């Protein structure tokens, strides 16, 4: 029950562009246990998607490069292992669902083809068997009339259905870890509820470990066990979801929680965090959140905060602690 | 997936193609009529030069071409004749134009066909490789050479090849011999330089298009999904990317066929003396053999029309996104 | 100075009318009063230059920041710079070259088949003394830097003359094709409906004709005369431009800023001139640069097969002659073709560079 499946140490992924070096991910570390759901939280552009892509080495190699870090899965370091070893992990042990399901599916192949392709690849099944499995998978994720749907092309499906196809595809080889990149962002609220149901069932029934990337704290509250709050490529607060939501320490985390509208209170204005995320080229020294931090101190602009433990399993990077 | 929809589309396109064909024939008719000399004059000047009796021939021509009839009647007859396959009489070769075309078209076809295969196979392979290995030395070299390939005037390339290989090195000295079968070794050898000449420009173009189409698709999200599924890179490129890139590549290849290749084939035939339609048109120009020039122009255009039609239908059939259900 | 420029700029249309009238007046003088001083084509070039200044250079000068932005992006492409340099060199050659070279039509049998400087060739010459044909080694001379053809005409002079022809044909025919294409494209896009339909069907018909075959056909009917060749190339080569421009104009029509402008009450012609055309201009420039090589090649190909203007020495005609003498005078075939090749290459480099510079997605 408490087996650590994935151990990420000091992951750094930089993008080398004409205008400069973008430090998209700068020092992320975490462990993922079996059956656990880890959420990567933050605004757009904070590096959560790049982190997830780095885990499977899916970064476009010029201009991006994983410059440091270790991603330990099983006995392999996914950053340095061979292409062949990586291929065997991708899709089979660790699967990934992407944010924009419209463009993530290949428009010239039927969805049946695309699901079956993965089954045949990793499980070596015959066409007929693979087809049967695909249909049952799609039914499991709630696809109406799965048998006919197999012959549809992606553009025939709605956003919610495409998302289900992606989930079905990722589940097809029974992976131990599922990385989901903002799966509920592009769909409307009713579909969102259904999809969250699917994930919850997966976690409970299949004991699947999830890495959930989102900016939506309600999703984190619903399904997350642990969370990492990221800002400008660096993790600012890590801990269990309950702990973080109840006792947030980092000013950014506090700000994020305050942004959530509380239906029980009538206010005229929604709170937001003032300012905008920094341009990741040519970052200033010191804490990156400092320009927008309501509790900034003089030391924050000069020196980067170190990680300090606040309570059991709860760490923060902030000069306040 | 309504197959009836496809059938309706084909019918619509066929009707449209017929309209275009009529338009083409009309345009040629207008051009002929607007020209400074009537179709008969050039004939007659030649005939007179050879000392034949002109007056009878004049009468025959007038009767045949209806030059005394009102213009809309002439137009009508012109179109009817074309449709029925009566494309006139070739003065310089003393045979019906249709006959001339029937005997010579196969040589043009052979040249164009071989060149297209040569260019398409090489071009697509190099293009894919170049795109996948973008920014490497191989890519830059391939891109540079494709620039050269599309810039080099193909008639000059032909002359240069003859200069180097036939004159200086003494290889490939054979000329195309129509008495030998199409696929005879001697004739195929004689076709090597022409195919390289015509094919080089096409090859360079195809390399560029393929590279650009593949690059466009490499950036797309579904490539990332394919990799995340654990597919080997060769499948990601060879199946997922290629299938998406194929559509624009095929379209452009066929479009090129119509706009550039025919002109290039014309010149290549003349440079190398290949007895195709370009060559007979060229001969006809300097013999003032009017009907042949008209005929070659029309048939070239009609073939392009057919190719466009086929491309259109094929494209629609292949791209699932265009289908209406 | 600045005040003068801005005053002229604001009243461009008026200035244009004045300038053209002045030019016309001078032209009439030229025809009726003085002896023909300028060839008619020069007036055209002057008029074209004025239009270019008023409507091309002035807006660029006004939007200096934008111009510099595009220039910077173009400069990054080294090939494009080489292309531009070669084209400028060619223009220089064409404009002042004829004043420095020998007469390209001067025939001289003693000097026939001379190789370029630095090369020698074996020739069979009749030696009167020995009473038979002897093989002599003939070297190139400085007088005929690039050699002579089989009638003793100087190669360099012919190439320079050919440069003139090619550039003129390139410029004029492309201009005609582009103007025609832009008009048809913009009108078609703007009017829509049945006008668009008819224009596009007509474009379809003309596009189906293989370009070169159509050229040969029309020149055959109308005769190989340089003016006709230029006109015909222009009148047959507009189809591609028309299509591209129409589609760009259509997409612009429904783009937000046009709708916003319409919402603010902008009228039809204002929409066309202030919004549609400037956005189409960058496309037009790219099309122009990439069309010129095709036009030059078309003229050369026509000359090569013998349908060129026989009174004008163009690269194509020289190449045609060279094809006959491959064994005795290979340079006659190599040189004009090389010039053609380099010219086309230069325009392709430049056009490609410009296209990348104007395309915001090209990663420059």
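So that you can tell them apart, the chains are marked A, B and C in the order they are listed, and the count of residues begins at 1 in each.
Operating definition for what follows: a residue touches a chain if its C-beta (ideal position, glycine included) is under 8 Å from a C-beta of that chain, and two chains touch if they have at least 3 such contacts.
The structure presented is a predicted model; accordingly, all values stated were derived computationally and were not measured.
Chemist: What kind of graph do the touching chains make: line, ring, star, complete, other?
Modeler: line
Chemist: By number of C-beta pairs in contact, which two chains lead?
Modeler: B-C
Chemist: Among the chains, which has its CA centre at the largest distance from chain A's?
Modeler: Measuring from the centre of chain A, the most distant chain centre belongs to C.
Chemist: Mind checking the centre-to-centre distance between chain A and chain C? Centres are C-alpha means, answer in whole Å.
Modeler: Result: the chain centres lie 56 Å from each other.
Chemist: Averaged over CA atoms, how far is the centre of chain B from the centre of chain C? Could you give it in whole Å?
Modeler: 25
Chemist: Can you compute the centre-to-centre distance for chain A and chain B, using the mean CA position of each chain? Integer Å is fine.
Modeler: 53
Chemist: Would you give the residues of chain C that are in contact with at least 2 other chains, written as numbers and ranges?
Modeler: Residues of chain C never touch two or more of the other chains.
Chemist: Enumerate the contact residues on chain A facing chain B in the complex.
Modeler: For chain A paired with chain B, touching residues are 53, 56, 58, 62, 83, 87-92, 95-96, 98, 100, 103-109, 117-118, 121-122, 151, 153, 155-156, 166, 169.
Chemist: Note which residues of chain B are touching chain C in the complex, please.
Modeler: Against chain C, chain B makes touches at 19-20, 23-24, 27-28, 31-32, 34-36, 147-148, 150-153, 155-156, 159-160, 162-163, 167, 258-260, 262-264, 266-267, 270-271, 281-282, 285-286, 293-294, 296-297, 300-301, 304-305, 308.
Chemist: List the residues on chain C that touch chain B in their complex, please.
Modeler: The touching residues are 79, 201-202, 204-214, 216-218, 220-223, 293, 297, 300-301, 304-307, 319, 322-323, 326-327, 330, 333-334, 336-337, 340-341, 344-345, 348-349, 352.
Chemist: Of all residues in chain B, which touch chain A in the complex?
Modeler: Contact set of chain B toward chain A: 1, 135, 220-222, 224-233, 240, 243-244, 247, 319-321, 325.
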